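A quick write-up on the structure given underneath.
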Amino acid sequence: MRRPGLTLPDWLKRYVAPNIARPFGSLYFEWVDELASREITVGTRMVVAAAREIHDGEVVFVGMRLPLLAFAVAKSTHAPGAVGLYENGVIRELPAEGLIYTMADGPNVSEATSLSDMLSVMGPLAAGRVDLGFLGAAQVDKFGNLNSTHVKAGDDRVVRLPGSGGACDIACLAHRVVVLMKHEPTRLVERVDYITSPGWGAGTGWRDAQGLPRGGPSALITTRGVIRFDAPDREGRLAAYHPGETVEGIVAQTGRRMQVADGCGPTADPSAEEQAAIDTYDPEGFWTG
Amino acid sequence: MTLDSKLVTLDEAIAKFVPVGCSVVTGTYMEQKIPFAAAHEIIRQQKRDLTLIGPISDILFDQLIGAGCVERVMATWVGNVMMGSAYNFRRAVEKDDPMPLDVVDYTNFTMSLALHAAALGVPFLPTRSTLGSSILEENPHLLVFESPVGDSEKLVAVEALHPDVAIVHACKADAQGNGMVWGNLGITLDAVAASSSVIVIAEEVVPAETLRRDPNRVLIPGFRVNAVCHVPWSCHPSPVQGYYNRDDAWFREYHKASKTLQGYRAWLKKWVLDVPDWVAYLDKVGPERLKKLKPSSGIHSDPVYTGF
Amino acid sequence: MTLDSKLVTLDEAIAKFVPVGCSVVTGTYMEQKIPFAAAHEIIRQQKRDLTLIGPISDILFDQLIGAGCVERVMATWVGNVMMGSAYNFRRAVEKDDPMPLDVVDYTNFTMSLALHAAALGVPFLPTRSTLGSSILEENPHLLVFESPVGDSEKLVAVEALHPDVAIVHACKADAQGNGMVWGNLGITLDAVAASSSVIVIAEEVVPAETLRRDPNRVLIPGFRVNAVCHVPWSCHPSPVQGYYNRDDAWFREYHKASKTLQGYRAWLKKWVLDVPDWVAYLDKVGPERLKKLKPSSGIHSDPVYTGF
Amino acid sequence: MRRPGLTLPDWLKRYVAPNIARPFGSLYFEWVDELASREITVGTRMVVAAAREIHDGEVVFVGMRLPLLAFAVAKSTHAPGAVGLYENGVIRELPAEGLIYTMADGPNVSEATSLSDMLSVMGPLAAGRVDLGFLGAAQVDKFGNLNSTHVKAGDDRVVRLPGSGGACDIACLAHRVVVLMKHEPTRLVERVDYITSPGWGAGTGWRDAQGLPRGGPSALITTRGVIRFDAPDREGRLAAYHPGETVEGIVAQTGRRMQVADGCGPTADPSAEEQAAIDTYDPEGFWTG
């Protein structure tokens, strides 16, 4: 159904809506928005939201899965000068050609800008030369602390997760961190059991007290909306919801009391350029389908 | 006078340089060049009580854990990169099944620094990473201290890690163990420098003269290497840039097979215990499947003038 | 959208990124690839009160000292590698002639570690080198402390060095400053990583696609580079592997010429002050002399498959 | 005058001496030895003495000038498995083809075993994986401490020398150090003014007390003989003299009271193989002529 450069809702809004009478039209728009929320997949919304966190010229620890695609979208649209770093020693300016599952897959290594060792990318991270890092996790708490090591299941069983990888390093040392995660009550919790990757800790001043030189999470992009940590107390507040979601619904699906930021509204639909980039880099909808 | 060759078979190298109870660093390139051939041989030789050291081990550590070879894992991430969980690892940690497993959690950077410290001959290296994390609280090899220079700020001392043996891939190696590498390097060079013994598993073994035409790619120094094994396709199903691509389906199949211990054991019997060596393994994988993994983009480096 | 090019002329780069009073790290490859073209431009632009940072500077530091550009040298060795003494350096230290010079003595390893510390974003790195030496006693950036891990053994903390600008050579670079290098690297990569600004002086400027066929040689990351200058033969009389060999006689001639300050000033006038730029310098050196320096062994690297 | 594989004195001893009557023969031998001391240059004797300090399979910080040639001689004769490291990041197994003045000259970089950065060779040095390093200096004292930074001239003037380079690092961290130097009273002194490169410090136990992990000078090869530091007190004692020199003459040319080791005798002439290697790698006698 998708045409390169124009989503179905965009097409409907642009070519159909102007020809419909107002009162009926407003109902029609609601229908289009609902359609949009189905047509524009959650994966697409997350990718686009993530891409918009990348500013032009920034040095970014890209990570895998959705952020990888977000980097490609940003590079193709508003941030052509962004540079991607990967923990295994890859520096890339060109988005990888074709679908990749790991950061060392052939297409991510081929035609890289530079290939070297881990310290060649962790060094700049530690020296404060990395603007942004993308992270995932199993759990995130009120202050954006992440757990990807082990979580307590309901019956006191502990589920062992793979661990930090480079997540803790990025969380400690990048200027900003953006987290992508499925929005479920068991994942968005009051306090994580284990801090794999430090966020704002216990709130204002905590990172300084730990000796962390900079950083902290700026946004948490979930399957339902965007939570931001820019309030002075560093508690994550709902800043936007994906069309189709409601503030009340999101609050109910959050495993902690979540405050709502002033001006909380819907996330903007993908632009034609953003959608075209997604169609180019995820043609079969593996990540966004 | 000619020099003694270090070329041995993979089973000889594992028998000699991977004693029971030793510490092994491997999977050091990260998701490329994971020496599965060596892991399978370690399993066949029933090397037990190993300490495994590595960053992102993908499914190699999981296979060794499920086979009962591992006492301790010092790693940053143990799983199946494409699929998520490593089930043998989870069973061992969550249920002591088939046996308990000691896990020491690192981060990519601190593991890199631990080996870099050994490579630089110092007891530790400082960093600001892990401050505020539970990893710092739980890993006994990470210690908070005050910087001796500047404003006495808080730093983390990452203790040096000295593995007994490094098992690493090389694209091309000579009989002295000088290894030519390309692609992303991960923590390979520090792992080689930090370890007491080094096994190089080469895609190609070539005369020393071949390597000398391009010394900038020869980053594994032969004087640190104890054994060179010539094992083409040794990293299947992980990729080796320019030689073969990743066998994605293999990781999916392994994920499915290893969901239960029983399922894993059937997988292990089929792909490891019932095959005598890597040649037989590759035969069983089949030439059709391998052929599909050959690179096709045709992109090669340009020659550069290295002479005078 | 296309990216802004960082290509500028050498005089623009020096004017913009080498302010009076700044600290400059250069000569980082050691005896190869010493950017004499940049030093001559610094002299012509009368940049004064510089702090020079580098390991074996060969005669480059000596030229800048004699021209009155230098307030402080932080180095491991200042001389003429082939011939011995650097006379301007000696005159400045021994007789404040033409002006006094502050010298901070390092060793190769500690200088490397000082830049490596900055590259790794930490205030210092530990080592056991220099223990027992007078260098340790006199250099305020080397401090004895007790190791926070192990048996509290004595170590030296090498304080991080953050130069204002690194001036480094690249064999090939693109307009974004990504630099392809080969030959011995010395402390170049850490110097680039440690510095606030980076000027790359390239033997060849090529499209980004050319570099992408061989990313393992692209070790100067463009995102750290501020200016790219295309200056062939920029390192004469020092060698650039594969481009030109060392002009040994030049170092002998310089040694003789610089024995007296008067002699040096005549040399300086002839080779620096009386030539407007590097093209004019090379004209004056003469095509005959340069031709003899071209490599002739014909040894090239073999292409490797970098694609997938 | 030299024939590959046989020096003139060797030839005279082998083919002429047997045919000469004893009493006259002994005078003849003295003459041959004197001739040898002229024929075999001091440079050659130093190179050969240095080459003999390299054991097969050792990892050696080669340095420049005479030791570079010594490495080539050792590789060609008794130590084919020796590996040479250079501070600029070069690792070599093949001796460089042709005369070189710096360790980054084209022939020393071309056909190297490995080319990388300084830490790739300083790392192994610091980690105790380098067996031997060669050093030069302006001054050496009783305990093998070296000064190559600044020396007091007679009139209280200070002469500034180039400095350490990697010498201090090698002196601190290699398992053994061999020093090559011109033998003059102002160079072999009681105590250096400035310790650029620590030797045995103030004698037994000093290196341990400083925190140095290993090492110390084993031999000082001068233009007149060989001084060794293997006595328990770590004071350098004359262990051998080059033919043509005398113990008394050497003691007189030393700027400190120098003890003579038991068994001090002449250094052995170059073997045919050693001489052949020198003829190969220094064909015009630049270093040994």
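Lettered A, B, C and D in written order, each chain numbered from 1.
Keep in mind that, in the parts below, contacts are C-beta pairs under 8 Å (C-beta built on N, C-alpha and C of every residue); 3 or more make two chains touch, one makes a residue touch a chain.
Small disclaimer: the values here were computed from a predicted structure and weren't measured.
Trainee: So which chain is the furthest away from chain A, centre to centre on CA atoms?
Mentor: D
Trainee: Distance from the CA centroid of chain A to that of chain D, rounded to the nearest Å?
Mentor: Taking the mean C-alpha position of each chain, the two centres sit 63 Å apart.
Trainee: Taking each chain's centre as the mean position of its Cα atoms, how many Å separate chain A from chain C?
Mentor: The mean C-alpha positions of chain A and chain C differ by 42 Å.
Trainee: Quick one: chain B and chain D, Cα centre-to-centre, how many Å?
Mentor: The answer is 42 Å.
Trainee: I'd like the Å distance between the centres of chain B and chain C, where a centre is the mean of that chain's Cα atoms.
Mentor: Centre separation, chain B to chain C: 37 Å.
Trainee: By residue number and range, which residues of chain D touch two or more other chains?
Mentor: 105-106, 109-112, 115-116, 119, 122, 125-126, 173, 213
Trainee: By the touch rule stated above, which residues of chain C touch at least two different other chains?
Mentor: 120-122, 127-128, 153, 155, 182-183, 189, 213, 216, 239, 241, 245, 295, 297, 299, 306-308
Trainee: Looking at the whole structure, which two-chain pairs count as touching?
Mentor: According to the stated criterion, the contacting chain pairs are A-B, A-C, B-C, B-D, C-D.
Trainee: Mind listing the chain D positions that touch chain B in their complex?
Mentor: 59, 80-81, 83, 91, 93-94, 105-107, 109-116, 119-120, 122-129, 173, 213
Trainee: Quick check on the complex: what are the chain B residues that touch chain C?
Mentor: 120-128, 143, 145, 147-150, 153, 155, 157, 159, 171, 182-183, 210, 213-214, 216-217, 239, 241-243, 245, 295-308
Trainee: Sort out for me which residues of chain D touch chain C in the complex.
Mentor: Counting only chain D, the residues touching chain C are 64, 86-90, 101-106, 109-112, 115-119, 122, 125-126, 149-150, 157-169, 171-173, 194-198, 201, 206-207, 210-213.
Trainee: Once bound in the complex, which stretches of chain C touch chain A?
Mentor: 1-4, 118-122, 176, 178, 189, 193, 208-209, 211-213, 215-216, 218-219, 221-224, 306-308
Trainee: Where on chain C is chain D touching in the complex?
Mentor: Touch residues, chain C against chain D: 29-32, 55-56, 58, 75-79, 81-82, 84-86, 89-90, 93-94, 103, 105-110, 112, 116, 127-135, 153-155, 182-190, 238-239, 241, 245-246, 248, 251, 295, 297, 299.
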